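The same chain A turns up in both complexes below, where it pairs with chain B and then with chain C.
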Partner chain A sequence: MSDHIHSARPAGGKLLAVRGLNIAFGDKKIVKDLSFDITPGETLAIVGESGSGKSVTALSLLGLLGPRASVTGSIGFQGEELVPYDFDRLTRLRGNEVSIIFQEPMAALNPVYKIGQQLAGVIRNHLKLSPAEARERAMELLRKVKLPMPEIKYDQFPFELSGGQLQRVMIAMAIACCPKLLIADEPTTALDVTVQARILDLLRELQAEMGMSILFITHDFGVVADIADRVLVMRHGEKVETGPVEELFSAPRESYTRMLLSAVPSLKGKDFLEKPAELADDSDIVLDMRDVGITFFGRRGETMKALDGVDIAIKRNEVVALVGESGSGKSTLGNVAAGLLRINRGQVAIDGIVRQGPGAGRHIHTPGVSMVFQDANGSLNPRMRIGASLRAALKWSRRYKPELDCSDDHIRQLLAEVGLAPELFNRFPHELSGGQKQRVGIARALSVKPSLVVADEPTSALDVSVQKTVLELFRRLQQQYGFACIFITHDLSLAASISNRLVVMNRGRIVEQGATAEVLANPADAYTRALLDSIPLPDPAVQRARRAEHYSVGGASYGSRA
Partner chain B sequence: MGLAAYCGKRILVGLAMILSVQVIIFLAIQVVPGDPVEAMMSEAAHVGADVIEVMRQQFGLDQPMPVRLWRHMVGLLSLDFGTSFQYTQPASDIIASRLAVSIELVLLASFFGIAGGVLIGSASVQNRLGEHVFSFFGPIILSIPGYVMGSILILAVPLSLGWLPAGGMAPFSDPIAHMRALILPIVTLALPIAATIAKVTRFEILEVRSQDWVRTSRAYGFPTRVTFRRDILRNALTPVLTISALELGGLIGATVLVEKVFNLPGLGSLLVQAVNMRDYPLIQGAVFVISTFYITINIVADIMYGFLDPRVSKR
Partner chain C sequence: MKRILLPTLAGALVLFAIVGPCITPGDPLAQNIVARFAPVGTPGHLLGTDNFGRDVLARIAAGAQVELFTALASTVIALTLGVLIGVTAAYTRGLTEGVLMRGVDVMLSIPPLILALLVVAALGPSVPTLIGVLALLFTPGFARVAYGQTLSVRSRPFIQAALIFGAPRMSIIRGQILPNIIAPLLAQASLTIASAILVGSGLGFLGLGIRPPLPSWGGMVADGQRYLATHPMLMIVPGLFVVTTILTFSVLGDTLRELWDPRERRGR
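For the complex of A and B:
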């Protein structure tokens, strides 16, 4: 390693100095008069909601915005001016002194080359090494980023690795030439929380060892609290405020920052949404699943139990949060409840009528159940006006519930009920914002007067401030109509604030369930505890204390993989 | 599934397809009106019914159809298609004498067509000149039928400029004359292939260019040409291969018009003639060769596909 260490730090103690940065695509100004610094060894987090210009800023540092972007102002790296871009200078910097890792590790690597080959390619691009030396160095890097079984993974293709493993490979690529600045553009957003925690640990360890600076782009205040030294808050391409992380969390100066912080759901659940209503003991049971199992068959005859012996009963008025990581079976369970998937074993009854399993009819229609989907945009037909989309759902359900009202007036009323202007009746989905589209999704789900609503990650694609208003609406309507609800989410804090009961799933099984507050206070299952431990809390002091504790309890923190 | 098992399965399916084609063609030519003996005798004025009967027996046409089909399929095992009605020689010998020209034509034309298409398609994304060549000549070439193109080339090159022969074939023993005779037919066949392949290549490159891994490649300081060759073109070639296989496979039976224009003794014109004369053994033999070629090309393409895209073969 010693032969790769770079020369002395630049004068003034600044590694990167951005002054008056303006970025525009045509007439559209994305970043306006932005200035910030990064000192050596420091981690600066840029936070903001979608459209804040944070990712564009990150990409502009390496000149990666493409020919349509006009970048003016000054980007000084180690005293060298990068704007206007000079291709040779950029080529020298890219991957060498400044590296970058991306949000989607699966898409960031070329699917047709082995990962070792891609890593060695990056190494040989900047360092004069023979193929054998590059291979050795690549292997060393893969061990350094704690990729399990590096000798085997070296000769595998990206699709054979998990998302977390691929992000480790990307990190190995990024540190291959010992950069002075690592740009991390939402590197953990696409990963599960336990994987996220390990990746953040890895980044921190590497930073301590190599002394590089990190520019961390994220929308997640928990991650900010966990990793940043300093924070820059952006909105609509402008700087809102900047300051040391503790200060920003404890005493935010700007109202926008305060609003953002208050919109982050916390595990305590307090102050975020009002408490869910108490349940009457004798409420009717809406959904009753007994010993439900689903097995998927792979092409090589291997089997995967998506659901395995699931028992769950949900009462009227009850909100049950279903949490777990990707592949845990939470969405599968939701789809079974909504009658979208056939089960192989067990029984499903809704409103006392058996819909699947022994005693069920041939069809699995479940007229009492409706769904709110994660991708509000994808769940609305782009060629249909909003009113027509709502009418289609009503018309279909009228086959089972003749009393439903399909009139335009009633549909306008539904829009008003979810806080949308009745004029949106004649609009197309692309004319609406993400939050508005999800409100339409909620209106559609409620229009058919369901007894059970399955909400599958309904707010995970939304910004935190929008998420909060949508959740408030959802809560109000839930209490008004008293439908039972399965709320599927990967966000434990969100689950904490919205649900009466928490159901934790792992590998197709329910590992723990109980009253939300109780499960959070005294998690009985090891997996639940691991999940809780992995969530970065939006409080730098707490997060630091927690990390210190983890490192003191044996060297094997949650950063290393067994 | 291992590569060997995969190939084995594909080859078995391919064999079954070749046999099915034989049965279908056998049945189809029986359904079409017309009779080989009548077709041959139509020029001779007075032929007695007894002569016709003798000929029918000689060709084996007096047997019921299932028997003839059975004999044909048994003969197929030793590549014996029977004796040509017109030439009174084994059909396989006649086909073999025509096959070399056709295969040479098809392989060279597709090589130049595909290579040229990929080059033009790549250039059309990379520089202005390439884009103009592509968008101006592409549609023109695709809209001109092959025989018109051939006639234009004959007018332009041998007749006006006096280069290259206007038609006919020279034997292998004279390689220079042989290649000179092939140049214009190859150009005629290769141009539309190049136009199609260029179009597909261009489209795929534009698709791949916006993928995240291309951004990664640029973000790690690779020279533009490395990014283009390794992270764009390489990924774009997978669909190009599929289209190439279809173009190439269809070509061997479709060269007939070019054979006519350039007066070449190829398989296509032999097949047309055989169909006109209801020369059953010759038809079956020619169809066998064409379908085998087509299916083989597709199997080879599928196996290559696995190499180009590891996700296909490893899953």
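For the complex of A and C:
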């Protein structure tokens, strides 16, 4: 544990030197001939799409890949060679010199032990401390990671904390022994943007204070711009390019990097200005919700208003983006529109068919609505071939719309329309890639000629480059068929690139709505502003300027949620 | 390896039960006091003869027929009833669910062997009674599995998709839910066949299963027990058949589950 604090980027000495790293599982080569360095105090971001080998690389540094992985090459940490792995040497390094935090803090913490117990346990594993001293040190760490009310949280179980709070606990655990290197494997991917911004701030502060290096794994270029000093782009287990963050963003050398960067939806983009605004007049309203309310009842009698007096009307040919953080009620609103949830209050009319709460059945089928799901994989029956899945949807809908054609030829044509080969007709869902599955989901949603499509985070599970092509497809089809659309997303930049109207939700209420360009340019509501401020922009210079401004106002500009 | 061997072995056992009595020489019931206690390998009596001089192979074959038929029939009945109860309960929720699943809990709390003894004692031992008792005993297990699986499948997005496209309830149950819950049920069924044979043999051993002189494996073990010291093969041979059959059907479940899964069938 060195006490001196490193400057941001010292010359010379390397903390970690990876040379010619090869990782294979059986005959499957995951990482090929990878070399990179990390200097003390530096943050290196490894970026890549799924399957690029970025996480495997990170895990290999701590020997966490399990017995099936064969790791060759050289991993030098402070001049000490780690390959081939030696259990005692790894145990000495893990937690003491090199620590790791993961994407799902909930999964990384043991659900049956209290937060404090787990943290103190980790501390006592590494340092010879009495239980009282360990508790003292744990409390100190919880304060250091700015966990609110640490004395209370200490005796709570993981399920009682929010995702952001759990990630703080994980970070406290990781820095308990002042490691020299912190590996962060997508630590903010599962968090809301405002929470993400605070976690990134925390990491940056801790790094400045303790002088540790960070290896940051991510797929998000906004996060890269925000936190990295240097970037390593990976693809198919190989290094594509590496360089200082400003250089990589302003002058990417490789075409793959350029492609990735161009695929990032950007608030600065002109996308939403180009959209034709040929909206139907007010008489052509597809969805009309008035004063809709849904209340969920908890086990102990507590109530939660998932939707609270929501009024919204959507016209034919209009794309409305619903944005908000988790728990804002945006998905609930989508499910109500799709007829999957019954309402307690108000009324919903689709194509003039009115349904009113409270009461009525669990599910009310409305022929004019269809849906594209976030989990493309889960939305297809794993036991049915693609063609059969599409045919089933058509057959069911034909009871209400006899004009629908459910012949095999027509289904193949539907596949072609979403850019899929007709051979996929006879495949099972697991044989398709994520992007292909979502295309099938879109084909199915549009096959029944809906007047309203609810798209619930349709691209959030996809890689950026795939996301881009799927979005382009969706937009093209929307303009071709002119259906009304509710596009639910947590990503404001994505909302900006696809919608005519932006609806911002928070805690079951609509806090702001208006033409997309207008809301983004002049957000009227404080929550909308906080949301906009929290999005890391894929531009290091801009991001640095925003950060400086944020510190000057004392961090008060961020949202109210922890 | 396992994929081919086990279904083949199970198939061979079923085939043996069907055609065995026709191809094995000798009458399972014909007594021949002169030729009693012939050792295994005697010409004409491949597995020897018992204390009445009856051909052991012929008796095993005849026993296989009764044994496997009882086990299969009771399993199929239990599977059907269990799926009906479990899926209905999970799909309707509310009051129906409560009544059905509490009923299943009550059934599960009855000690199986006691119930079997009670029913057989009341109605007298016969093949239909045995099948009925076994089916009754195994239904709650299937209902529980079907119930749990249906609950978990129901919450998946493809069921929501079906609802949105206006799928009728029966079509969702048959086309969407059943194919996705069948794999664990098949595994359960193969285990059930094994335990049906076990319980059937046990009842036979206690003299409450199939009525002598009709041969049953359990009864043969019981008869052979008396000559354990002098002629151990009389107990070992039927015992081996019981063990092999139970093992085969127990492990068969895994194989069936794998074969049903499109991911396993096609590889990755």
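We adopt the following convention: the second predicted complex is superposed on the first by the 521 of 562 C-alpha atoms of A that agree within 3 Å, B and C clash if a C-alpha of one lies under 4 Å from a C-alpha of the other, contacts with A are read in each partner's own complex, and residues count from 1 in each chain.
Just so we're on the same page, contacts are C-beta pairs under 8 Å (C-beta built on N, C-alpha and C of every residue); 3 or more make two chains touch, one makes a residue touch a chain.
Note that the structure is a prediction, hence the values are computed from the model and not measured.
Shared-chain residue A:Ile411: touches no atom of chain B or chain C. In the overlay built on the shared chain, the residue A:Ser370 is in contact with chain C alone; chain B does not reach it.
Contacts of A:Gly95 after superposition: chain B is touched, whereas chain C is not reached.
Once the two complexes are laid over each other on the shared chain, residue contacts for A:Leu61 go to neither chain B nor chain C. Applying the stated contact rule after C-alpha superposition, one finds that A:Leu380 touches chain C and leaves chain B untouched. Using the contact criterion defined above for the overlaid structures, shared-chain residue A:Glu431 touches chain C, although it does not reach chain B. Look at A:Ala338: by the touch rule set out above, it reaches chain C but stays clear of chain B. Of the residues of chain A, not a single one touches chain B in one of the two structures and chain C in the other.
Across the complex, chain A is touched by residues 1, 211-213, 215-223, 230-231, 234-235, 308-311, 314-315 of chain B.
Taken together, the chain A residues at the contact with chain C in this complex read 338-340, 363, 365, 367, 369-371, 373, 375, 378-384, 389, 392-393, 396-397, 399-400, 428, 430-431, 444, 448. Residue ranges on chain A touching chain B, taken from their complex, read 62, 64, 90-96, 99-100, 102, 104, 107-113, 121-122, 125-126, 157, 159-160, 170, 173, 299-300.
Listed in rising order, the residues of chain C touching chain A in the complex are 156-158, 160-168, 171, 175-176, 179-180, 262-263, 266, 268.
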